[in-house]
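Both complexes below contain chain A, partnered by chain B and then by chain C.
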Partner chain A sequence: MSPRTEWIRGIIILVVLSLLPLIFQNPYTMSILILLFLYAYFALSWNILGGIAGQLSLGHSAYVGIGAYTSTVLFLQWGISPWIGMIVGAIFAAFAAILIGFPCFKLRGAYFSLATLAAAMILQIIVENTNNLLGGPRGLEITLLKDAPWQFQYTNKLFYYVIVVLLFFSVIGVTRWILHSRIGYYLNAIKNDQEAAQSLGVNLTRYKSIAAAISAIFTAIGGTFYAQFVLYINPEKIIGTNLSIQLAVMCIIGGRGTILGPILGAVLLVVSAELLHLYMGGKMIGLDIMLYGIILMTVIRFEPQGIYVLIRKFFNRFTRSTSPFRDGRSS
Partner chain B sequence: MGIFQFKNVSKVFGGLRAIDDVSFSIDQGEIIGLIGPNGAGKTTIFSLASGFTPPTSGKIFFKENRIDGLASDQICKKGLCRTFQVVKPFGDMNVLDNIMVGSLLHTANMKKAQEEALEILYTLGLVGVKEQMGKNLTIADRKRLEIARALATHPKMILLDEVMAGLTSVETREVIEMIRQIQKRNITILLIEHIMQAIMSLSDRIIVIHHGQKISEGNPKAVSNDEQVIKAYLGEEYHELT
Partner chain C sequence: MSRLSRPTWVKNIMSLLSVNDVNVYYGDVHILHDVSISVGEKEIVSIVGGNGTGKTTLMKTLSGLLRTKTGSIIFQGQEIHHLLPYEITRQGISQVMEGRRLFPFMTVEDNLWMGAYPLNDREQIQRNFANVLHLFPILGKRKSQMAKSFSGGEQQMLAIGRALMASPRLLILDEPSLGLAPVSVSLIFDTLQQINAKGVTILLVEQDVKKSLSIASRGYVIEHGRIVMEGPGQQLLSDPHLKETYLGI
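What follows is the complex of A and B.
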């Protein structure tokens, strides 16, 4: 793409993004819009480890939890601004990712996924049993300060909208940088064939750790954002297995390893879950999880690489006519 | 002292002595052929040399440093790179990107890595398929890609594991030419091959492995006249032909 079309595209996106809050002015729709961006952001964060590096983590809620709890505890106990707590949480998450990764990266496929799942479960149990500092199973409530931007709080939802859009673009920026640098090539090679990658000089543990740390940092920052947006966190919702699976499923449905795929997946799941809530109310709890399952099975059945690839194939049929066969150079 | 040495190397898998007290030395710039019947331990020697599995006993030297016990990525960084008998292309990456993974070992500059990968692409005749995904390649191109990727890491020595197996005679001749080109870059080559005609014409020396032991070593002519080698591997018929 030429720089000029890139610019034009950028301007269009900016205009659309600034118009969106005008359309969704009431707090309810605005909240959904914010959650939409947040989930897309989470999916893109997961994608760095699960998609680009191909290490299917089922424990990413651990990093959401580390981010949310670090900033909240620092704020409640010592009055430290959640903005600073966000950075501290991100650093903790990076260390946690490397710590979890060190024994787990030796495992392959499903074993790796199970180990990460277990890690998140352990963290959940620890939090649930730490009543004084972390509020135990009831969770923590963040003191309402109304309009305090330096304490990461504001009554107008537009405040959160702007922040989440910035976060969203920062993770896209980093993903693009990764994809076009040595790290991305190495991670892609690891995803395709670990032995071959290693024989070409790729230090497997090192590059997986880098991917895990970057992924965890972004996820934890999202955790702090979520805590400040909802002003209440509890272990089941934030560190529970459900969230971990949701993050992975969004990305897998949309298209792992790409940029648009995770965004598509997040939009699909958030919108369908909200529609269900809207029309079913509280009648059938857990229906949204069932729906995820059905969507996941359908997509995997027809295109294991996700909806994004399916859509691209569909459009390629009209735009490209090049023969799939190579020139007859040799046989 | 040669560039590469095995000193009394043994490898035991359970109760099986896959490699039994093997020693040999390779000089800079040589092409060495490694032959022997199926299951003799040739690929195990490659796995030991490239760090995929550590030896049970013995020492392996590369450029006068011990490399046994190092991981394969560290050995590759020292300049010893292998290819796989069962080729392992990065299926979801195109040919150019596949080779770039190799050239990124010594530069983080993407443009430079790409230029270098293109240069290798041209010399190995992979230009026509440079945009194709690894998984869509023919077996001949997969084998070429395997060599191309290894070359891109700037090795001092390269281990080629049956790069001619399954190719047509025309393709085999192309690969022989390719190996001669690699030698001209002053890269030492150790190759496993079953195609006698190819290995006899390429190799400066040949090492014969049988039941995990080295049973013969020498120039192609001498080895093909060795009684033990004829009995274990070549067979009477081959001997009568030459």
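What follows is the complex of A and C.
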């Protein structure tokens, strides 16, 4: 695709997205729309480490937690604006990702996944046992200020919609940049065969750490957004294993390592879960988790590379892989 | 030709690579016992031996994937046995690993560019790319194809091409003939001689004793983690012990 058609496509998507709130004016659909973008954003953030670098993290809820708790505690204790807390949380998350990654990156496959899962569980236990500062298992409630944009609060949901759409595009931009840069190229090699990449001179820890840090930064920013949108956080929901697995499952179902894949996965899971809630109400709790399981098994069985590949096959578009070195150097 | 009693590195101080009394362990298991080899500038040196004699262990030690317990490895006058794999590659040692180890879901072209990782000079990379395509025209014809779609022989060419992209001074190959059709093996060995003629030193580890010793200027025989013989390739080939053990004559 030429850059020009890509620009045109981008502008069309932006126009459609800015018109969406006009159609869905009732607060309930608006909330779902916001959550949809938030989950797609989370999935894309996970995708940077789990998809592009191929390191299947099952501990990403730790970064959501770090983002949400950092901004909330800074706000509740010292009245610092969550906008600033969001940046502080992102920095904390980047450090945490490197700290967790350093010992874990030497592990492969399932062992890496289990280590990250354990890291998130440890964080959850720490938060649950810190009653004074972090509110323990009950969580923290953010003081309602109504219309206070500087404190990241607003009664009109459009405020949150605009922010989440901006976040969504920023993570797409960064993903695109990574995919087309040398870093993405090296990460792809690591994903293909890490020992071979190492023998060619690639510094594995360095590139995995870069991917982990970028992924954690975006995830933590999403955590702050979630806290400000819902105005209530608790360790089970924010740092719990469920969220980590959901993020990974979205990407795996949609198609790891691509841009459209995680978005498709997020849309499929969020919409199906909401429909279930809508029609089943409070009955049959856990049905959505079962549904995730069924979708996951079906996709892994028939198209392990995700729904994205199926759709691409359907449209039968021939997309060439692009190398960062391609421009004029290779032929 | 001599049966080894003492390491020979002392007299080879001018060599490009010298491995001196190296001992390597997997946990508690002693794999390499006082291994000493030397590779001179622009030589083809072949290390031969059967399965499980420590050939691949030696290769992994040279590339920094395994650590020596005692002994030293000196490349161009510098100790490299304490360096990390990516630092060793930057010194000018490229390795073609056993089983090729390509990036299966990357194109031929991307696999090759990946080999140029240690280089920063774009013009140099471009020159290397042209040289590799000249050496293996088939890679140029099919450069946008995925590496996994290649046959064994083609994959080996790609693996060698990828290693050459880093402009190595020393090219190490671990079992390049493994699992290839005889015609491909001959082609690979011919190419290795061409590469050597251009000034690249080659260290070859092989089970195909006959072929590898016939192109080697010198050879070593490794048994149970020890170097038991060394000498010019042709002389080794006529050694009665070697003939009996490896060639079945």
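Keep this in mind: the second predicted complex is superposed on the first by the 315 of 331 C-alpha atoms of A that agree within 3 Å, B and C clash if a C-alpha of one lies under 4 Å from a C-alpha of the other, contacts with A are read in each partner's own complex, and residues count from 1 in each chain.
Note that contacts are C-beta pairs under 8 Å (C-beta built on N, C-alpha and C of every residue); 3 or more make two chains touch, one makes a residue touch a chain.
On a predicted model such as this, the values are computed, not experimentally measured, just so you know.
Chemist: Between chain B and chain C, whom does A:N192 touch in the aligned arrangement: first, second, both, or neither?
Modeler: A:N192 contacts both chain B and chain C.
Chemist: By the touch definition at the top of the document, which applies to A:N203: first (chain B), second (chain C), both, or neither?
Modeler: Both chain B and chain C are touched by A:N203.
Chemist: Report for A:R301: first if it touches chain B alone, second if chain C alone, otherwise both or neither.
Modeler: After superposing on A, A:R301 lies clear of both chain B and chain C.
Chemist: Give one of first, second, both or neither to describe whether A:H180 is in contact with chain B, with chain C, with both, or with none.
Modeler: first
Chemist: Touch check for A:R4: first (chain B), second (chain C), both, or neither?
Modeler: Touch partners of A:R4: none, neither chain B nor chain C.
Chemist: Which residues form the common part of the chain A surface touched by chain B and by chain C?
Modeler: Touching chain B and chain C on chain A: residues 185-186, 188-189, 192-193, 195-203, 326, 329-330.
Chemist: Sort out for me which residues of chain C touch chain A in the complex.
Modeler: Residues in contact with chain A: 63, 65, 84-86, 88-90, 94-95, 97, 101-107, 109-110, 113-115, 117-118, 122, 125-126, 129, 143-144, 162, 166.
Chemist: Applying the document's contact rule, which stretches of chain B touch chain A when the two form their complex?
Modeler: The contact residues of chain B facing chain A are 50, 52, 71-74, 76-77, 81-82, 84, 88-93, 97, 100-102, 104-105, 108, 110, 113, 125, 128-129, 132, 134, 138, 140, 149-150, 152-153, 168, 170-171, 174.
Chemist: Please give the residue numbers of chain A that touch chain C in the complex, ascending.
Modeler: Listed in rising order, the residues are 185-186, 188-189, 192-193, 195-203, 320-321, 323, 325-326, 329-330.
Chemist: For chain A, which residues are in contact with chain B within the complex?
Modeler: Contacts found on chain A: 180-182, 185-186, 188-189, 191-193, 195-204, 326-327, 329-331.
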